[in-house]
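Okay, so chain A shows up in both of these, paired with chain B first and chain C after.
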Partner chain A sequence: MRRNGLVSLVFHTLFIAFILAPLLAVIAVSFTGKGYLSLPTDGLSLRWFRTILDYPGFIDAFWMSLYLGTAASTIAVSVAVPAAIAIGRYEFTGREAVTAVFLSPLMIPSVVLGVSFLRFFNQIGLSGTFIGITLAHVIMVMPYAIRLVLASVTGMPRDAEQAAATLGASNWTVFRRITLPLILPGIAGGWLLAFITSFDEVTMSIFVASPETMTLPVRMYHHIAQTIDPLIAAISTLLMVGTVALLVLLDRLYGLDRVLVGKG
Partner chain B sequence: MAFLKLINLTKRFGDFVAVNDLSLDIEKGEFISLLGPSGCGKTTTLQMIAGLHDPSGGSIELEGRDLTHVPPNKRGLGIVFQSYALFPHLTAAENIAFGLEMRGVGRAERDQRVARALDQVHLASFADRHPKALSGGQRQRVALARALVIEPPVLLLDEPLSNLDAKLREEMQLELRILQQNIGVTTILVTHDQSEALSMSDRIVVMDRGRAIQIDTPLAMYEAPGNAFVSGFVGKTNLLAGEVTTTRAITVNGVKLAANASGLSKGAAVRASLRPEKIVLGKPASGLKGKVGAAVFHGSHWLYTLDTPLGDLIAVAPNTGEPPFKSGASVSLSWPDNALRVLPAESSDG
Partner chain C sequence: MADGSRDNAPWFLSAPGLALFAALLGAPLVLTVMLSFYQFDYSTGGIQPAFSFTNYLDVLSDSYFHKIFGRTFGVALLVTVVCILIGVPEAYVLNRMRNPWKSIFLLIVIGPLLISVIVRTLGWALLFGSQGGISTALQWLGLADGPVSLMFTMTGMTIALVHVLVPFMVLAVWASLQRLDPQVEDAALSLGASQMTVLRRIVLPQVMPGILSGSMIVFSLTASAFATPSIIGGRRMKVVATTAYDEYLSTLNWPLGAAIAIVLLVATAVIIMSYNRLIERRYARVFE
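Entry: the complex of A and B
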């Protein structure tokens, strides 16, 4: 293996430090015992982690985000699989247009999406409902689901499907027994990215969320808007721990490169 | 009544005619090779038989039943793809069991038949390996076992050996032929490798630009090629351009050679095929003389390039253990009269 030169070593170290420093700062702050944002220079405290339990609103919002992320990414992936197969396999009129529509939420600013959804849901009576915010999130995360599923569909060899058909499998059986298992890494990766996107989403959700459907990021945003205390740092630390645990688990089960990069 | 009939089979992709009016009767148990250069329509023909392409015209009949528009999963044919097309997420045994499962064969019988199929292709100890953990030759055998285990009426092989190295390919040719004869399954092989077609088939169909040029047994194909394309494609040959002198002779570069030119008019331009191994080299004597260019050793035989009044020729002589003719040596050339084959002129465009 080639060794890094001094310059590149310094560069990479700085680069990684630059990315990790804010996260490490947040984690450090969450262990403070003071009532304001500060680094815990005089001893560690779990005070702010205990405080989370005094705010049931955060706990509810966490579950809301979890349900919402699960529902939105599952629906998005269920739509993405047939859509990706159609886009990746067939030539049809309007193919480019359909692709563009599926990917367009990436290009529209979240604020614009949020305002539009707010207006639209008011009109059709979905404003403030779980269904409403779920639909909004489905559209928001669709590009991620489509991209990853599409990559695995186009990378999948067609001849295995043909072989299955010649061995007597019906179209549905071919899909269930051959196609689906072979594009599963793409589906898992798409679902995961969609979930993370939904779980993180603030800008659009602020417009669509009602007190009953408030997601964790929105709740945190509202909290910061009023007071600044290390509570948010404690919650962020817990989220980071949870995310890392999830990624480690996923890596053990499937291999992260396979899921996110699509390597065989 | 033929077992499998292709009747005026045609496939067009837009303006391009991939397969043009191909008719072929195949007997039960026969081993047929579709031989031709890439783009000649041989694979398209196989895929139409398999049901992976819809013919643009003509029909396919198996034992009198019209198969033309039957979907592939209802045809019940066994197919080995060039890429093997194994299911990467299933083990060798699961790959082979797939077709039986689709036919609703019970678990006990399935296991038994899979085990027998694995045995047949000498892979019994690799049953639980995934395709990724198998070598090219082993994958090829799994693909073959998967196609054969369903006991198909017809086995279709799409260049099944082209991804193997030369030594393994030769072994597999022999093994495949023996297996095919033991089982007695009607087989259609697509190949661009003429030696593969010659060594394995009962009959060969030479195809070019979507058409069947000649359908014959390997020996007849080799000895009596119907035209210049076939003689050039099946085996090595020397193609000589000349004109008809009498019905018994042609003239090439001013040299008169005995050949059967009956039915051709005097002065007509013709091409003649002379197989390299028919040329007998000897010490300089009367008759046609030539000069040895290079002598290339192939173990069982020597390949010579020769500079002769007829032009540059190649000749093959068996290795008798004696030293060969040296480069630059003068030799005499002779061959049996019937070795020089005059080819019909109208098909000299190959």
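Entry: the complex of A and C
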């Protein structure tokens, strides 16, 4: 195994600095004690973290995103499991097409999804409702759920299932007692990736979210479009801490590089 | 659960998902395509369901839209090229690291993909402002006389978008590097090839599929990016996504907004598909 040379390491250091710079800037600004923005800051203060409590709009939006992410990824995963078994286990005409359909939201620009859902919900009377935005998010996160569940379905050994079936277990028992536990890491990883994707989504949600169903990123976007202050940096810092915690969990559960290879 | 015991089993299993997609993705897309052919009535603010090509003619013939589409695909191309230039070497350097550094840095590089785009863009907005970190640093180094702002500039928008999207490139190249046999590199070196030759003749051809699929992801995501161009580029640097947003939520001209979105969808699809076709022909052997 060869080592990286000096040039490579200098390049690598610059690259890492580039990746971390904006994130560190957000954290630095969030701890300022001043009433305005400046970089570099001097002194540490939790003033802006306390201020968040005076803005119920952000707190409501956080809960909204949490409920929405939970509902959307749970629905997506429950639909994804049978679909992934169909795609992963059976040879059938139209298999490629079915896969393509489930992965298609990745190919469609989020703006297009946003305007389409806006029009659709308007026509069927679901505009601005929690059900509407949840269904939109189910479609949005479905590719991630399918991918991870499918990977565990195709990767799992079949002998235990065959043994159980030979010994007289019914299809349902085999699924519940053997298949489900074996693909559980894929299901959990898929759920978590779907949840994070839903929680972070802005572009599509900005079209479908009403004041009552405004998600945290959408509210943050509207705030930043008006003014950039240490308050929004404090909220972003908390969001980063939460994301890093989930990220470590996802890495333990599944291996982050394997999870993310398909994100895009 | 014997395979193929019943022919309709897979259809039965995927039915819930397919029904969901037909109702919630198929129908909305069809409605939007229909909407893009309708008319907006400026006097009443209503939508006239009369079929015509007016919106598409507007988008395709107006120099205002040409500029916006040109800027959008121009930025997408620029961001893709920069991502290749910095993402490919980084993936290679990462791959040659030892654990635990390898896993730590991989996490740092691709982890930001899961941090909200809003947060990452906010970071750049903080650095770009005239009171921001970059301005302060440049003045301190004596490289600038007064405050410099990269907000609402093409440069600023490109830097922020590269930051948002470069992890996809690193990841795609990383995935193809995993399949590379280090012994081939060693063999070439022991046979007297220079490091440069090894990179050019051995490594590059094998990671090409990764670079190409990475660039497709980066290109299409940049072309449809909304939050970053909107915050960093503002009204001065409008792109297709922000224009569609304005038509929908400010002007309320939904049919025109729908036409802009459909043109974006079709243009991106055509570019990606022709690029894909090109690659498949050139690198037919590399793909399995």
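Basically, the second predicted complex is superposed on the first by the 239 of 264 C-alpha atoms of A that agree within 3 Å, B and C clash if a C-alpha of one lies under 4 Å from a C-alpha of the other, contacts with A are read in each partner's own complex, and residues count from 1 in each chain.
By our rule, a contact is a pair of C-beta atoms (placed from the backbone, for glycine too) under 8 Å apart; a residue touches a chain by one contact, two chains touch by 3 or more.
Only a predicted model underlies this, so the values are computations on that prediction, with no experimental measurement involved.
Asker: Based on the shared chain A superposition, would you classify chain B and chain C as clashing or fitting together?
Answerer: fit
Asker: Comparing chain B against chain C, which has contacts with more of the residues in chain A?
Answerer: C
Asker: Could you tell me if A:F15 is touching chain B, chain C, both of them or neither one (first, second, both, neither)?
Answerer: Touch partner of A:F15: chain C, not chain B.
Asker: Check the residue A:A83 against both partner chains and state whether it touches chain B (first), chain C (second), both, or neither.
Answerer: Touch status of A:A83: second partner only.
Asker: A:L167 contacts which: chain B (first), chain C (second), both, neither?
Answerer: After superposing on A, A:L167 lies in contact with chain B but is clear of chain C.
Asker: If we overlay the two complexes on their shared chain A, which of chain B and chain C does A:P181 touch? Say first, second, both or neither.
Answerer: In the superposition, A:P181 touches chain B alone.
Asker: Report, please, how wide the angle is at the C-alpha centre of chain A between chain B and chain C, in steps of 10 degrees.
Answerer: Vertex chain A, arms to chain B and chain C: 100 degrees.
Asker: To be precise, I mean the smallest distance between any C-alpha of chain B and any C-alpha of chain C in the superposed model; what is it in Å?
Answerer: Superposed model gives a least chain B-chain C C-alpha distance of 7 Å.
Asker: So which positions on chain A get touched by both chain B and chain C?
Answerer: The answer is residues 165 of chain A.
Asker: Going by the contact rule set out above, which residues of chain A touch chain B in the complex?
Answerer: Going through chain A, the ones touching chain B are 157, 159-160, 162-170, 173, 177-178, 181-182.
Asker: Please give the residue numbers of chain A that touch chain C in the complex, ascending.
Answerer: My answer: residues 1-4, 8-9, 11-12, 15-16, 18-26, 29, 37-40, 79-80, 82-83, 85-87, 89-92, 95, 98, 101-102, 104-105, 107-113, 115-120, 123, 135-136, 138-139, 142, 161, 165, 171, 174-175, 179, 196, 199-200, 202-203, 206-207, 217, 220-221, 224-225, 228, 232-233, 236, 239-240, 243-244, 246-247, 250-251, 256-257, 260-261, 263-264.
Asker: Using the touch definition up top, name the residues of chain C that touch chain A in the complex.
Answerer: 1-4, 7, 9-14, 16-18, 20-21, 24-25, 27-29, 31-32, 35, 86, 89-90, 93-94, 96-98, 105-127, 129, 131-133, 136, 160, 163, 166-168, 171-172, 174-175, 182, 217, 220-221, 223-227, 230-231, 240-241, 244-245, 248-249, 254, 257-258, 261-262, 264-265, 268-269
Asker: Can you tell me which positions in chain B touch chain A when the two form their complex?
Answerer: Interface residues on chain B, with respect to chain A: 50-52, 71-79, 81, 83, 85-89, 98-99, 102-103, 146, 150.
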